[in-house]
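Labels for the chains are A, B, C, D, E and F, by order of writing; each one numbers its residues from 1.
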Amino acid sequence: MRSFQRGALDLRPVIITPGVSRYAEGSVQVEFGHTKVLVTCSTEERVPPHLMGKGTGWVTAEYGMLPRATHTRSHREAAKGKQTGRTMEIQRLIGRSLRAAVDLTTLGTRTLTLDCDVIQADGGTRTASITGAYVALVLALRSLQKAGTLTKTPKLTPMAAVSVGVVGGEVRVDLDYEEDSKADVDLNIVATGDGRMVEVQGTAEHQLFDRKTMDAMLDGGLAAIQQLVVAQAKALE
Amino acid sequence: MRSFQRGALDLRPVIITPGVSRYAEGSVQVEFGHTKVLVTCSTEERVPPHLMGKGTGWVTAEYGMLPRATHTRSHREAAKGKQTGRTMEIQRLIGRSLRAAVDLTTLGTRTLTLDCDVIQADGGTRTASITGAYVALVLALRSLQKAGTLTKTPKLTPMAAVSVGVVGGEVRVDLDYEEDSKADVDLNIVATGDGRMVEVQGTAEHQLFDRKTMDAMLDGGLAAIQQLVVAQAKALE
Amino acid sequence: MRSFQRGALDLRPVIITPGVSRYAEGSVQVEFGHTKVLVTCSTEERVPPHLMGKGTGWVTAEYGMLPRATHTRSHREAAKGKQTGRTMEIQRLIGRSLRAAVDLTTLGTRTLTLDCDVIQADGGTRTASITGAYVALVLALRSLQKAGTLTKTPKLTPMAAVSVGVVGGEVRVDLDYEEDSKADVDLNIVATGDGRMVEVQGTAEHQLFDRKTMDAMLDGGLAAIQQLVVAQAKALE
Amino acid sequence: MRSFQRGALDLRPVIITPGVSRYAEGSVQVEFGHTKVLVTCSTEERVPPHLMGKGTGWVTAEYGMLPRATHTRSHREAAKGKQTGRTMEIQRLIGRSLRAAVDLTTLGTRTLTLDCDVIQADGGTRTASITGAYVALVLALRSLQKAGTLTKTPKLTPMAAVSVGVVGGEVRVDLDYEEDSKADVDLNIVATGDGRMVEVQGTAEHQLFDRKTMDAMLDGGLAAIQQLVVAQAKALE
Amino acid sequence: MRSFQRGALDLRPVIITPGVSRYAEGSVQVEFGHTKVLVTCSTEERVPPHLMGKGTGWVTAEYGMLPRATHTRSHREAAKGKQTGRTMEIQRLIGRSLRAAVDLTTLGTRTLTLDCDVIQADGGTRTASITGAYVALVLALRSLQKAGTLTKTPKLTPMAAVSVGVVGGEVRVDLDYEEDSKADVDLNIVATGDGRMVEVQGTAEHQLFDRKTMDAMLDGGLAAIQQLVVAQAKALE
Amino acid sequence: MRSFQRGALDLRPVIITPGVSRYAEGSVQVEFGHTKVLVTCSTEERVPPHLMGKGTGWVTAEYGMLPRATHTRSHREAAKGKQTGRTMEIQRLIGRSLRAAVDLTTLGTRTLTLDCDVIQADGGTRTASITGAYVALVLALRSLQKAGTLTKTPKLTPMAAVSVGVVGGEVRVDLDYEEDSKADVDLNIVATGDGRMVEVQGTAEHQLFDRKTMDAMLDGGLAAIQQLVVAQAKALE
């Protein structure tokens, strides 16, 4: 039986709590079961050097995990003086995804930084981060509009992310840590509610996968994302 | 008027929520008004090299601030590859304080690491960290005792910490960010409920301070710590 | 017209030159058109700490680009003291792929390190690296067998990698730099000759992609990989 | 008996030698017994970014210890690529103290950097550094005035620093290394000759301390600082 | 017998292949026997800060070795986050030498960067680098002149470099790795074809050397450089 | 006229003061005119990994410059987190030289570390460092012998170092900073009193140099070294 008594294609309970930070322009706490990520969206009235004078904005992301977010304590990256390859890979994925979620030319010459900090990790931290980051981004844009700082209406593409895996021959959606560590295949999908894809990253962990499995994973993932986009919309009401 | 309608020697509302982490041996969320720190206590069955074979345990601390814990976003230390001097200074202070809170010879040959991560910062993050860390430490020791891993009864000295300052000529306790930034003197005290001191760090920010002011600050701080130690005890019930 | 007068689903000329290093246990120079990567496979008679005593070997990869492999010079990572997120992401991909190419339990307690150094970059450096690395790995294993160091017969799964993209609405295989920089979608596939997948990484660069496009890209990519696996086999004869 | 045949509240022999550097605008060698620190004060005609355009100057400090300043050799921080937390803590303390010693608005838009390098360490290196740095600062300001670069008369507050500790139940002033390593309490005070305090940092090393002990330590420390301020004045004649 | 059946004062076969990079302004592959270095010369239309406004150009060099250029794999400097002292020493030597090879005032306000990357190392990588770098520099300057970017005729001083050593009491030129590791003295000379010297770096490895040996080494080295300058000229035809 | 009213081939006043450190096994302050270097020799009862079990000792060196040793303040390397290439080059030179000064097989399995810290720099810091380091090394060995820790008699080769340059067409020995910055050629020689060479490093700064100049520089340098070796011997009496 899966955690939370759910079926193979069911999500864990998803809780998106907006406005958790007193200071950030936009913020949410997003929970996928026991996975808990705090996302803030900070705005800055300037763009990176390579975009100066191009009349476009920028969206970027940083990702971190508290040392004891996991079963055993890991080293604090700040203390080691180095982000791991995994951290870099994840924050690059979040940044690319969120840049696809908003038309950068409608942002003005400003940068939005999404900080995704994992408070508790039980699998799916990158997909929870992306799902929460979309909400935090929208909240930040609303606050900019309310403040009159942002005059254009930003053009948004709602999107969310989910993990899919093959565990014991079965395609499952939204894996927790235990499932994740024994999955044969691991796929992360970022997509819109109507099935258009932003990012697809699949990895054969212990077993190669064929087209049929790939199709089943995409089906399961895109259906789950539809539900996540609904949850995002509700949180944004 | 001070925030939370309080008098010069009053604390902000203090909330200590134990057991906030599913994985850590001990954990609390501690709030001093809008300041919010997540503290976990992790245990490891070994000691640093310089203590090997000495039959004693070790307690250490690490401190971090989420990039958008504050009014404006600061750089992520992990991304810069370097902890600031302020971070190092604070985590050294927390570590020293907590080592004084427990007789290391009663810990067995194990290390307890206190991770203090500031979720939201409105002044007093180091004093909230120490106050919360004491509780997380006790919870971790209890869980070790319950698991039978720790056989001795650890010898504890309950202690807490508070900031005191001189603002506009008035001695005030538990400064929030706004008060802190205009304080003439800034003093952090770590002490027991009965007034024995562990750490005292006072700094003239804009104005030197005489013995009389020092005395008044110590009086105010020690009285406040008495209340914090009571709050800790309640959280530990 | 595409470079090298080729059709949308055609590879650039692929040249795999084995034995280019006098010292490495296995080595190739692999060319995909103007992209040129030097791959060496080095063996070491020990495994990383987390595998000690488990009777299994390890395969890992490192990736680098000469500063002037590209149109304009980029900073030397060694001089900056830091590998970029892109470099880390790529070398993690290569490592995971090659670990899927050989049954680690047949390697003995040794580590094989694949160094992929890009001499000239015209798009597809990560797919060329993986394609070449498989050959270098096999050559190193042969030399270990010949030397009698490796007594088991290593269990291999031949695999290669290719990029696929959507350029001007058309699905194209093995993009060069110019195509890559204007592609709407960018997909990298690592797979076997018979279509079983190891890694699939797709990114919407300027435009989201639907299932139909995804299917067409997978079809194109897997067909191209079939040819690459043949080229590898020829180089290994 | 204490080193140098002195009483509990006596300083070690203090020697302040001004003008030891041929190049620095201000310089001293300061000795507290066998502790020997070389302090230079360098001036630069610009201020850090956050002070630009505010018509104020800046004072900052850096601290280092030669690898063999101590009984056993320690690592060279430059070779390790990292300053220790201790070094950072000390140089922040020196910087804050010296900023309180001069009215920054009387400095013009320039930065004065105090480099405190410990040649030989026998306890009290931070207090010797601060005591010497005040003299080096005044010398640098004099040379700027003499050169006509500094036109305002800088407003100075003479100050010095001393360590106090409790050793074997007795309050002692200006501890040497041996005393320091067995002290129960360790307090560093920076203050003026007439008892106004700049910094107070007390730490319970092996035993908590009460108000009475705190008072005795402050009394002893402030009395010693009076003598140090006299020694500074003499060196500045 | 020496490698390549040569006499004590003979060079290994020298092959200089110009134009090996599709993108760099100038490039060569230089081989001294089995030592193989790829050199690119990149141009940038700006100079380092300390040369701004002085109407002069700049030449600089960076040196690297592929991890498996040698008999056993060495760490990748980019992964370690640090260049070794050896690397720094060598790239400083190459930079100084090449700056002496061209009158910087005839370059315009631009920087030429020579990247010397060792593909295979069998002794003499620094001397091969310098010898190849001169050719790459000239090729880059020619391409700048052809493009009309460089209007002055750059003033060049043809120069090359060779190693000399004392092995078993005999002075030998252009040592391979095996000879190098058992040489008693090791001397690197950078000079013009007519015997004017740019750099001379001699080291007693296992035995001190007298004036007579020094003279013999200089004689042998300068004679060999004459031949290298001829080889460079041929490559540049 | 040269500084200190000396002739072209004369040294500046050389002062070698032994025993300047209370803690180091061997120590000197060495002065070449206004250049002042503090050298300590520390011993450690172990050797680097690559020498373990070979029954030989090791000698190594580290070099640093106080930030304000020079006319203008330079960055503190520890604060920048990186030693410059110049520092690395110099400390490698000092280490190699001192390893040639003593038969490593007579040291026992211990490491001697020479820390050369420049207190004041007026040219010739590396040659003063080497000259002083020889004395500090001998003093440390004597103290080891006296303590009975070192039982063999260490086999020593007395050596010293000097700079030579061509300034305004004239060969000069022991250049000060002003001469050094305008020299056409710069040569550093490490040698014994009877003219056997350890290291020779010559650089054409603004003008290439021929054999005749090289010979004159070697003559001048070796003669000066003879005097330095006498000064060392006197300091060691």
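Everything below uses one rule, namely that a contact is a pair of C-beta atoms (placed from the backbone, for glycine too) under 8 Å apart; a residue touches a chain by one contact, two chains touch by 3 or more.
In this text the structure is predicted, and so the values were computed from the model without any measurement.
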{"item": "Fewest hops from chain C to chain D - one hop per pair of touching chains", "value": "3"}
{"item": "Given chain A and chain D, the chains that contact each of them", "value": "B"}
{"item": "When chain B is superposed on chain C by its C-alpha atoms, the rotation angle in degrees, nearest 5", "value": "120"}
{"item": "Inter-centroid spacing, chain E versus chain C (mean Cα positions, whole Å)", "value": "33"}
{"item": "Interchain centroid distance [CA atoms averaged], chain A/chain F, Å", "value": "59"}
{"item": "Inter-centroid spacing, chain C versus chain A (mean Cα positions, whole Å)", "value": "28"}
{"item": "Of all residues in chain B, the ones touching two or more other chains", "value": "81-82"}
{"item": "Chain ring listed from chain A, with chain C in second place", "value": "A, C, E, F, D, B"}
{"item": "Sites on chain E touched by chain C in the complex", "value": "21-24, 27, 34, 38, 40, 42, 44, 62, 64, 66-73, 76-79, 81-83, 87, 113, 115, 117, 119-120, 122"}
{"item": "Complex contact set, residues of chain F against chain E", "value": "85-86, 88-89, 91-92, 96, 100, 157, 187, 191-192, 195-204, 208-211, 214, 218, 222"}
